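The two complexes that follow have subunit A in common; it is paired with subunit B in the first and with subunit C in the second.
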Partner chain A sequence: MTRAPVMREALVLGISLLSAMAAGSLLILALGESPAHVYGLLLRSTWGDSYGVGQVLFKSTPLIFTGLSVALAFRAGLFNIGAEGQLMLGGLAAALVGASLPAGAPAALALPLVVLAAALAGAVWGAIPGVLRACFGAHEVINTIMLNFLAAALVLGLGHEVFLPETTHTALVVEGARLPALGLAGSAANLSFILALVAAAAVWFYLARARRGFELRAVGLSPGAAENAGVRVRATWVAAMATAGALAGLVGCNFVLGYKHYFEEGMGRGAGFMGIAVALLGRGHPLGVVLAALLLGTLSHGGMAVNALVPKELVDVLQAVIILAVAASSAALDRGAGRAGQ
Partner chain B sequence: MSTTDDAVLALSGVSRAFGAVLANDRVDLRVTRGHVHALVGENGAGKSTLMRVAYGELRADGGEIRLKGELIPRERHSPREAIRRGVGMVHQHFMLVPTLSVVENVVLGREPLRRGLLDLAGPAGALRELSRRFGLEVEPRARVEELSVGERQRVEILRVLWQGCDVLILDEPTAVLAPAEVRRLFGVLADMAASGLAVVLITHKLDEVCALAERVTVMRQGRVVDELDGRVVSAATIARAMVGREVLLRVERGPRGAPPGAATLLRVDGLRVTRGEGTDAVSDLSLVVKAGEIVGLAGVEGNGQRELVEALVGLRPQAAGSISLAGRELSRLGVGERLAAGLGHVPEDRLARGLVLDFSLEENLALGRQGEFCGWFGLDRRRLRVEAIRLLAEGDVRPAEPLACARALSGGNQQKVVMARELSRPAARVLLCAQPTRGVDIGAIEHIHRGILAARGRGVGVLLASADLPELLALSDRVLVMFKGRVAGQLAGAELDAPGAAERLGELMTGAGGAT
Partner chain C sequence: MSGFLESLVGFAFWVQVLRISVPYVLAALGGATSERSGVIDLALEGKLLVGAFATAWVADLSQSPWLGALAGAAAGALVALLYGLLVLRWRANQIVVGVAINLLAFGLTRYLLKLAYGSTSSSPPTPGFEGGLAGNPLFWACAALVVVWQPLFSRTRFGLRLRAAGEHPQAAASVGVVVGRVRWAAVTLSGVLAGLGGAWLALDNHGFTAEMSGGRGYIALAAVIMGKWRPAAAALACLLFGFAETCQLHLQAADLGLPTEVIRSLPYLLTMVALAGFIGRSRAPAALGVPEDV
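Take a look at the complex of A and B:
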C-alpha cells in the first residue's frame, strides 16, 4: 500500500458521483421535473437540518458495520455474503440478553454485556463458514449464503418461543441496556453511530498496524507467501470470518439497543447485502467505508423526501450508477496506470 | 534502402516510453531468415518491450517497423496484423487454458469448422505432423494441466507454428525450464532456423547462446549497445557488454570444505515425505549441514528435492524421521516456529511463496519477521522503514525504494529482496535456498552468489538446491545428488574440482552411479 492512491481514490469517487448525477438528471428531466429542484430537495432534507442529519446517521450506522465486515473479510481474501444472517442473530442475541437482565441493572454493566452478546452471536455465525473453509476447503460464498437462510429460519423458529404473543418482536430490553439518542431533533440517531466510528478506527488500526492485521493482509494477497512467512493461514481465515461476523452482529446495537429497544423480525434487512456495495465503494478502506455508508445513507433518507416529486426508485438508480461507475472507473484507472511489466 | 529487403523483421529508430521510463530508445534491429538471433540484456533492459512493439502488442512512440520489407504504419500495427504477416510470439508467461486439451489450446481464437461444427481431428493431425517435424513431442489430446512445464512450452511454440509463421519470437522461454529441457529446446530452435525460419530468442543462458546464435544483440537501459557474432565471442564478452562492466561468471571463494571443528547445525535422519497419492517423494533420507558449509543438492527435477526443502521448512508434512537444528527437534513445529528457531528459506517459487506481490518492498522485508517489528502500538513503521532502507541498499535492489510495489520489480530484483530478507533474520543459522537464480539476470546472479558465500563466511549453514550444475560446482563444499527420493551419492572437496565432476554428477542424477 503506497500513499499515491489517495488522489486516485478521490478521482474515482468524483467521476462516479458526477456520472450518477448526470444519469439521474436525465431521468428527472424525462419525468418532467427540474434536476436542480430535486437534488436541492434531496440535500435539504438530509444535511439541511439536524433532524435530517440524525436520520442520515441512523441509516448509515448499520452500513458502516456491514461495510467494515465485508471489507475486513475481503482483505483476508474471503467474500462475506453472510452479513445479513450475522446481523440478524446479533440483533436477536442483544435483545434476548437485554430483556433477561434484572430491571435495575446499571448501564455500566448492562451495556457492555448486550453489545458483547451482539458481537459474539455474529462472530459465531461468521466463524462457521470460516471453519468450513479452513477444514474442508468449502467455499465461503456458498456457505455464507446458506447460513443467511438458516439464520432467517432460526429467527422464525425461535420467534415462537421468544416473541411477545401476537407480535413479531421480543420484549423490551431493560433501561440500562439502551444506547442513548444523540439528541439530534428527535431523530433516531443514537450512540451506535459513535460505536460504528470506533469500530472503523479499530479496523483501520488492525489492518494498518497490528501484527495480526499485517498477517491477514498477507494471507489475502498471497496465501502461499504468508504460509512461507510462518503465518497460520487457516487460523487467519477463521479469525477473519469471526471478526467480520462480530462487526455485522453489532448492527443489532443501532436498532435494538438504540432505537426500538426490542428485536423485530426483519430488522436491518438488506443492510448485509448493502455492506458489499459499501465495501466496494469504500475501496475496502475503513475511512472509505464510513464515507460510502454516509453517502448511501444520505440517498436512502433523501429518497423519501423527493418521493413527492419523483418515484423513490430514482435513488436506487443513483446508487446503482455510483456503484457501477466506481467499479468501472477504478478498473480503467488501474489499467491506465500500467500494472503490467516484469 | 534495398538492404532491408532480406530482413524479415526490421526495426529502425524504435522508441517506447512508459511514463518517465524510456524502455526503448531509438533501437535498430534487423532479423534475417535462417538464423537464431539472440536478444540479451539485464532485466529491465527493454527486450520484452522491443519484441512486443514488433509484434504489435505495444505501440511505438516513434520509429519504423518493417515486416518482410513492408512498412507497417505504427497506428495500424497489431498482433493480428503480425500473425497475418507470419510473425509469431511466445510470451514470457504462459498463456494457456489449463483445463483444455493441447489441440483446443492451439486452435483457440481461430477454431476450424467443418459443417458448422468444431473440427479438432484435422488440427490434431497437423499438430502431430508439426511435432514430428520439429521434435516437439506432445500428445494433442492431453490436457494442458497434466503437462510438465517443458511440455507446456512446446504447446506454446506449436500454437505459433500452427498459425503459420516464418518469424518466431520467444521471450525468455528458458526461465522456467530445467537444464535438460533447455538443451532440448535449443536443439529444436536450431533445427527451425536451419529449415529457413527466423528465430528471435530472448534469454539469459549465455553459454548456450554462444553455441546457437549467429547474431547477438545486446541491450542495456533501452538501447542496443552491441551486436556480436555468437559463434566467435565468449559468454564473458557478452556478459560484459550487458552489464557494462566486468562480471564474474564464477564468484571467487575460499577452499572447499566446512571449517575444521564446525558444529553440525542441521541434522536430518530417516526423513520420509509422501506425495498426495501416497507414494514417497523422499524416502529414508539423512543428511547434515555444518556451520559455514554449503551443501549442494543436485538432481533431475522431480526426484524429491522440492519436497525435501518444503518438509524442512514445515510447508509439507513429514511421514517419518527427524529434523533437528543445533540439537533442537523441529519436526513438530510450524513454519513460524522453525523460522524463529533459525531457519531461513529462499523458496523455489518466488512469485507464489517468496513475495506478496502487492505488498510494498518494506512489507515484504518484514514477512516472517513481523513479530520483531511489533511493539505495544502495533507495527513500528519507522523502525521498519530504517531497516528496509538498509537492507535494500545492502541487497543492491533497484529501485531501493521501500514503498515500491514488489510486483513492479524485475525478477532479479525480486529475488534480491527475498535474499536480503532471509539473510537478515537475526537468528538465521541455516539457510535453505531453492533455485535461487532461476530466471534471474546475470548481474543479479553474481550478487546472489556473493550473498550466499557471505552467509557461509558468517558461519551460516546453507542447503542449496539447484538445477544449475555450474552454480552447484561453483558454490558448494559438498554436493549431494538426489535420485528417486534418496541421496544417490555425493561429491566433496577436491572431487568437485577434478575434471569430469559435472559428468560424474550427471551420472548420479540419472541413477547410473553407485550408491554411497
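Take a look at the complex of A and C:
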C-alpha cells in the first residue's frame, strides 16, 4: 500500500498534534488542573479577541522568518541551527543603522536601509558556515552552533560600545525607520508580519519557479547528481546559507523596527531553535511554515495567558514534543512506505 | 594584569580549572562514545540539564549527595533511552531529535522547578560533597574514567565493535556484530556519563539553577571534535576550555577593560578552526548519523 503524500502529511501532523496534546494534558493533570479548561482558556486568549489575534501574529512573525530560514537551507541539504545567532546580529545591525540615520530621514529611504541592514548582517553570519562547508568540508551543524555562541559574545562585546549607559539596549531608531503597528487593539503586531508573508511568497517562488531554486533543490536531493548536471554545488551551498541567514536576520524587523524600536540583549532568543520546529512541522513548504508559525505563535502567546494556572514552560515542552513526534512519525511512515514498496 | 599572572601560578587557580572542566570531561567522554558508534550526540546539553535537576531534587529529598549523583546518572540514562527510542528504533533524524531533546529538557526542568519548589529560577540549597576537590568522589571517578576510556576504545572487544559500528555498520554486521545493540549501549553510556556531568553541576553549585548547563553540552561536543573523536584527546580539549573559562573569570575580576568576550569565544573559534582541518585532519566516524540499515 502506498499512501498519497497529502494523506501521509496529514497523518504525520495528526499524530504529532495529538501526542503534544496528550503530553500537555498529562503535565496539566499533574498540577491538578483540567486540561479542557486550560486549553479552552488558551484558545480564548489568543483567537478570542483582536488583541489576542494581534499578539499571535506578533509572536508568529519571527517564527515565519526563522522557519523559512531553516526550511530553505534544508531544501539545499543543509541544517541551519544558526538562526539564533543570525537573528541577533540582524537585529543589532538594524538598530545601529536605524539609530545612526538623521532624525528627519524619510521612511521611503530609511526603511529599505534598515531592513537591508538586518538581512545583510544575517546573511554574512549565515554565509560563514556555508563557506566553511564549501571550502573545507566542515559540517555546518557544529559551525552554526559555534556561531550562535560567537554571535552572543559579539553582541556582548559590541554592547560595551553601543548600548546606552547602564542598560542592555541601544538607542532608539529614528521615526522614519519604524514599521507601523497593524492596529489590532493595541497589540504589538506590526507590518513585519506582512513582510514575513511576502518573504514566504518569495521563498515559494524561488524554490518552485526560479532556476536557482531548482538548482538548490537538486543539490539538496543529490549533490553528486547536481554537480554532474552542471550545477555549481559549492556556490549553491554558500548562497543557500547566506539566504537562510538573511531570512533569520529579518527577525530583527519585528522587534527592533516594529515593536521596541531599539535592540535589546536577549531579543528574540529561542526563535532560532523554534524555527527548526516550524520548518519541520511546515514540512519545508513556505505555506506550511506560515501555518506552523501561527500554531506555535498561538501556543507561545497562549502560554502567557494560562500562566496563572500552569507554568508557561508547558509551552516549551509542547513545542519539543511536537518536533519529536513529527520527526519520529515521518521517519516511521517513510520506512513503512519503503517496506510496502519492496 | 600582574594580579592575574600571580593567580595563574597559584594552586587555587588550577584547582578551579579542574573543577570547571569536570562536567565538560564527563559529557565529552559520553559524546565520544556515542559518536564513535555512529550516533550524533547533540542531546548532551539536555542530558546535563536533566541530570542536574534530578541530582538536586534527590539530594534535597534524601540529603545525600551520593543518591543525588546516582539519580543524575539515572536521569541521563532515561533521556538517552528516549533519544535511542526515537533515533535508533524509529530512525528519526538525529540532529532534529537532538535539538528537540535539548528544548524539551530546557522546558521540562523549568516546569518541574516550579512544580517542586514553586520557583522560576532555582532550587533551595542542596547538599554536595564536602572536603574540596581531593575529597570529592565524583572528581576521582571522572579522573578514573579518563584513564580507562581510551583503552576501552582501542583495546577491548566492545571498543572494536563500537568503532566498527561507527565506521562501517554493514561490514560490522557481516561479521556478526549486532550494530543496533552496540549503538544502544553507546547511547546509554553517553546518557549515564552526561547525567553524571549534570550531577557535578548541581552538587558543585549546591542546588539547581534554571538553564544551569549554559551551553556546556555543546562545548563538550566541540571538545569531542577538537579531540578528533578520541576520548583522551577530547578530555584534554575540555581542560583547555576549562582553562579558558577560568582565565575569563579571573580577568573579569581583575577588570582590565579588556573584553573578556574574546577569551569566552576561544573554544568556539578553536572548534571551527579544527573542524576546517587546520589542526591536523579531523575526520568524523564515516557512518556518523547514518541509520543502521540505510
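Things worth noting here:
Please note the rule applied: the second predicted complex is superposed on the first by the 332 of 342 C-alpha atoms of A that agree within 3 Å, B and C clash if a C-alpha of one lies under 4 Å from a C-alpha of the other, contacts with A are read in each partner's own complex, and residues count from 1 in each chain.
Quick note on the criterion: contacts are C-beta pairs under 8 Å (C-beta built on N, C-alpha and C of every residue); 3 or more make two chains touch, one makes a residue touch a chain.
These numbers come from a predicted model, not from an experiment.
When both complexes are overlaid on chain A, the residue A:V231 reaches subunit B alone and has no touch with subunit C. By the touch criterion stated above, A:I323 is placed in contact with subunit C alone, subunit B being left untouched.
Applying the stated contact rule after C-alpha superposition, one finds that A:G157 touches subunit C and leaves subunit B untouched. Looking at the superposed arrangement, the partner reaching more residues of subunit A, out of subunit B and subunit C, is C. Shared-chain residue A:A210: touches subunit B; no touch with subunit C. In the superposition on chain A, contact of A:S222 is made with subunit B only, not with subunit C. Of the two partner chains placed around the shared chain by superposition, subunit C is the only one that A:H139 touches, whereas subunit B remains out of contact.
Using the contact criterion defined above for the overlaid structures, shared-chain residue A:L197 touches neither subunit B nor subunit C, since it reaches no partner. Shared interface residues of subunit A, touching subunit B in one complex and subunit C in the other, do not exist. Those residues of subunit A whose C-beta lies close enough to touch subunit C in the complex are 27, 30-31, 79, 81, 132, 135-139, 141-143, 145-147, 149-150, 153-154, 156-157, 160, 273, 276-277, 280, 311, 313-317, 319-321, 323-324, 327-328, 330-332, 335. Contact residues of subunit C toward subunit A in the complex are 42, 86, 90-93, 95-97, 99-101, 103-104, 106-108, 110-111, 114-115, 120, 215, 218, 221-222, 225, 259, 261-262, 264-265, 268-269, 271-272, 275-277, 284. Contact residues of subunit A toward subunit B in the complex are 1-3, 205, 208-211, 213-215, 217-218, 221-222, 224-232, 338-339, 341-342. Residues 18-19, 43, 48, 92-93, 313, 315, 334-340, 345, 347, 349, 352-360, 363, 366-368, 370-371, 374, 377-379, 381, 403-405, 407-408, 410-411 of subunit B touch subunit A in their complex.
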